């Protein structure tokens, strides 16, 4: 079938030469370029995280501390710059573009059975906006790294002497990159679905990306204007956000969180999409309650817009707003809960194969549950007043963003690696590292819940000695994680050269991308494929000679 | 399908059909949906400025009542008419493109472009005046003259209650200091909306909408928001002019016709949005009370 | 009663020290149990399924149910009920948080980079927070520069100090901070700034003491009158007071006394040292070793109240005026004198003639204290 | 390739092109006229003092003008309903954003006047009254 007939021509070999990559309009190549850049940024952000953890080994600061000669508080400045850059890089350069930009770009059109995204040229622009944004953001490292925290709160961000503008402008460009991607995906899903691919036959990863795209379209422009105004504030003191000129500091926080809260759903929703794919494939089951899972993505996206105020409970936000936002925030928990329960039910009576991606998915259950549940004390008003801006918050969002979104990003990379590169990675190493990550992650971030509840404020370069042992645990965990990530990088790279050729369908996946060869041909499908139910595994048989799963067209269930 | 073999760019292909689309209709609908989504993002982007405007105006009405008199309603109105007319010619241009009336299309687009130039010209005159009178945002705001219309008691600085103390002119050195070193010495802002001096409070009680007191605090806020809003809008006008110029070039070659007028249509939509924004900016900035 | 039971364990939270803390712990531990329940539920089911349904050789495709509306409704409605329940409970205590009792003592908190300044009804002010046990207190927060936050974990309360805005925060301490009988160390509650506010954010924290009536009055009297030795009740020499002020007023953050380079000129040998100014208000103003004491005193006073007036060569105009810090105290003049005395004492010994220690009685009766409102300060700042 | 106006207009009657709806010229002109009239109106109204009404009236007129432009100049009247949905949805989000930010600042401000100082003063009564 298709898979075998075209092994000679795939999107990697379709055309050669550096310019065939730089100017490519092929969504797959753009996806790959995204993947590489995002991973580079991830490494960078990780290194900054390590520096943070090293500093916090000692109560008085291991790297940056006062000395006999230099008592000035400016000694802490490098630390403030480091955690700011860590946050900005991880959020704007890794989490937000990561899954949609890299995996989404590569997989989405194939999953739909389309030849490309709706606007290939815009897609390329989106990538280059990302690159420029990245360069601007990182240029600040040279120009005097920004030290405002990734939230750029005024009036401090207006006063500090560090290079705020370059980073903010970088984030501004990254915003456009994100908008273009979202716009592209929405149009693609509306207009480029082939006959037979109805809305409720779309794989859930597409639904996740659709919900994400909605947020990218509706929220990101507000970030753009916010950052633009911040730049003007620094240049001309417009005064809108600066009390010294009659403006309101709180207004900036409203502007900022109107984007940045929905943004956390930009990060987690696609991860949930990958979760659905992986769970379905490796337990050979249709996703339980497909429509509920699909709709809960949309619900999360929409409700997510009404809850930004929970970042501002003690910040001087008015009581009525506090109450409204608290009430709406607890509601967001529901769609996420629905997803988790449906995934659990999907495992029931499945045929569960513990391949690496599946391990990541199971890890997601574990850490997303913790991350999600610890969101409750932050949504409920009295408990928020104790946990706000402490390490409890730090732990909470690392469990959701890192343990949730990033783990599924890594899981997704493993899941589609054979499809993207046409190579298989070392399975046992993959499993080992995943487990290692899981343990080390909890060692790193669980102590931070306790730190926070005992009052350890976030963004502090030094702390009172009674917190030390928890910080040490956390640092140890961080180092193990770093090591594990390096190993992962190593065996993935190794697989590129030594890995054995990947079959069209190594996992027994039922969605369309597994029906075209690995790596896929330039046009994905020569003739538009017949579309069945997304998670129908009937007739998928392990084929010894291709070492992949195969099935006869006629075994597709074409209507449920 | 023949499309599989054609080069990527829609514009070199006779049927203007990109390889990944099935039909012209599908391609057109995709483009239309795309441009509407893009307009959505534009609106949300401007909404930030409108939000800032709304909050500041509701907190410091006196600033707006006082400062809007610095603006010239005549020029604002003129620009409104110019933009509306350009919108009209643009809409007509789309019609011309749909009917393949190439010459007419080129003419209409040219008129639209000229209107845009006129608009920018008027804006330039306005900005120039503001610049000369130092009616600028933040620390650059220190006009010599009170605004025309309504007799203003020139009490600046004489009563301790209002004005001078955190006038930007005074804050400036401190703020820059804060920026250089890490410690800032900005005086704490007054309780309540800054500088609600007596005349205003009375005025408020009588629901009076005009401001006849001394200059209120933080008038520079008005010019901050004024330049931000009109400036961003101006940038969009310039962007529009570039694409319209590009359209004219294409139209001269006669590439637009009944089955390929999408570019004209989409640029048109964008241009109408620019017009829409101005339709709101005009009353909000020029016609206060 | 339940809350006090739960509060025994200090693994998750340190023991509550205020009424609001007890309320908080009640909600928190309830949440904790619910969270733990759902977490273990999910993980247990997951592991069970993984073991039960692991892939076996030649296993046929199993047609298990793929949807069940009843289940969906159940696991939508039950969590919904729970979270809404918690929201309502939270709301109940939130109303309490936002409703300061009528008779609460009012303490003005002025946050600035990087210290808190607490002003008490009697006009005394301090950088540490003194509280009366079992008595509600209402903190009114303002910020002089950027956004700060005041957070006291033991009381489970937190609120931002926002420039240009006024926020407030009330609580009622219930646990005394005792003095350790053996070491004489006074125990205290941490007060943190949780809103990132610049270089010194990490060190922007202080101590809160919860005291009995008499200790409280004593502390406030001390805070108001720093010119008397608390033990011997004898007047302190100005140089001692100046040394105390050097730390309490935060001079130590920038001015070293050992010649170390800081953000600002060291005080070591400052007195009667020739000065180079990068900027002065009156053109041509100079300050030389030869100048008389009067001129030097004026210079010191001006540099404390209006630091922006003359800027010493190689230093930035970054020092905030101490006007507002001093104006709260009835001893403004004497404090100034004390600081200047201390600076002089660090200068070249051959110029330093110690000032006569003030006699007791005039230092004990404070003048009419003016608790300056932020608005007033704005003017004095100039 | 050049398309001659003649043959194309022969191929397409003046209300339908291959892909989109063609707006008749009289309608465009009518809309243009209406917009001019409304502009005049809004300027005129501004000079009458109606207290707060001035603002709302000005916004209402602007809204009317906007509606005309959107429906006819921007073809939304004949366009696919989904595009209209997008547009309306976008307006909803704008109002949500401005609405909440505005209310919050107003409440804070109201409480700040009179030096009460609290961002929360005067609002706990609706929440159940001070104890």
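Letters A, B, C and D mark the chains as written, and numbering starts fresh at 1 in each.
Just so we're on the same page, a residue touches a chain if its C-beta (ideal position, glycine included) is under 8 Å from a C-beta of that chain, and two chains touch if they have at least 3 such contacts.
Here the structure is a predicted model, which is why all the values come from computation and not from measurement.
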Task: Considering only C-beta pairs in contact, identify the chain pair with the most of them.
output: A-C
Statement: Per CA centroids, the chain at the heart of the structure shown is A
Task: Between chain A and chain C, tell me the centre distance in angstrom, where each centre is the average of that chain's C-alpha atoms.
output: 37
Message: Based only on mean CA positions, could you tell me how far chain B sits from chain C in angstrom?
response: 44
- prompt: So, what's the distance in Å between the C-alpha centres of chain D and chain C?
  reply: 48
Task: Spell out, as numbers or ranges, the residues of chain A touching 2 or more other chains.
output: 73-74, 77, 155, 159-160, 190, 218, 222, 243-244, 246-248, 250-251, 254-255, 316, 319, 323
Message: For chain B, give me the residues that contact two or more of the other chains.
response: 29, 33, 37, 40, 43-44, 47-48, 51, 55, 59, 166, 178, 180-182, 184, 186-187, 189, 191, 194
Residues of chain D touching at least two other chains: 82, 89-90, 93, 97, 101, 105, 108, 112, 115, 117, 119-120, 123-124, 127
- request: Note which residues of chain D are touching chain A in the complex, please.
  value: 82, 89-90, 93, 96-97, 100-101, 103-105, 107-108, 111, 119-120, 123-124, 126-127
- request: Report the residues of chain A in contact with chain B in the complex, numbered from low to high.
  value: 25, 73-74, 77, 114-116, 118-122, 155, 158-161, 179, 183-184, 186-187, 190-192, 217-222, 224-226, 228-229, 232, 236-240, 243-248, 251, 254-255, 523
- line: Interface with chain C, chain A side, in the complex: residues 61, 68-74, 76-77, 79-80, 147-149, 153, 155-156, 159-160, 243-244, 246-250, 283-292, 314-316, 319, 322-323, 326-327, 330-331, 333-334, 337-338, 340-342, 344-345, 347-354, 362, 365-366, 369-370, 373-374, 376-377, 379-383, 385-386, 388-390, 450, 453-455, 457-464, 537-538, 540
- request: Quick one: which bits of chain B touch chain D in the complex? Just the residue numbers, please.
  value: 14, 24-25, 28-29, 32-33, 36-37, 39-40, 43-44, 47-48, 50-51, 54-55, 58-59, 73, 77, 80-81, 84-85, 87-88, 90-92, 94-95, 98-104, 191-193, 196, 207, 209-210, 253-254, 257-259, 261-262, 265, 268-269, 272, 275-276, 279-280, 282-284, 287-289
Query: Given the complex with chain B, which residues does chain D contribute to the contact?
result: 1-5, 8-9, 11-12, 14, 17-20, 22-23, 25, 28-29, 31-32, 35-36, 39, 42-43, 46, 49, 51-52, 54-55, 58-59, 61-62, 65-66, 69-70, 72-75, 79-80, 82-83, 86-87, 89-91, 93-94, 97-98, 101-102, 105-106, 109, 112-115, 117
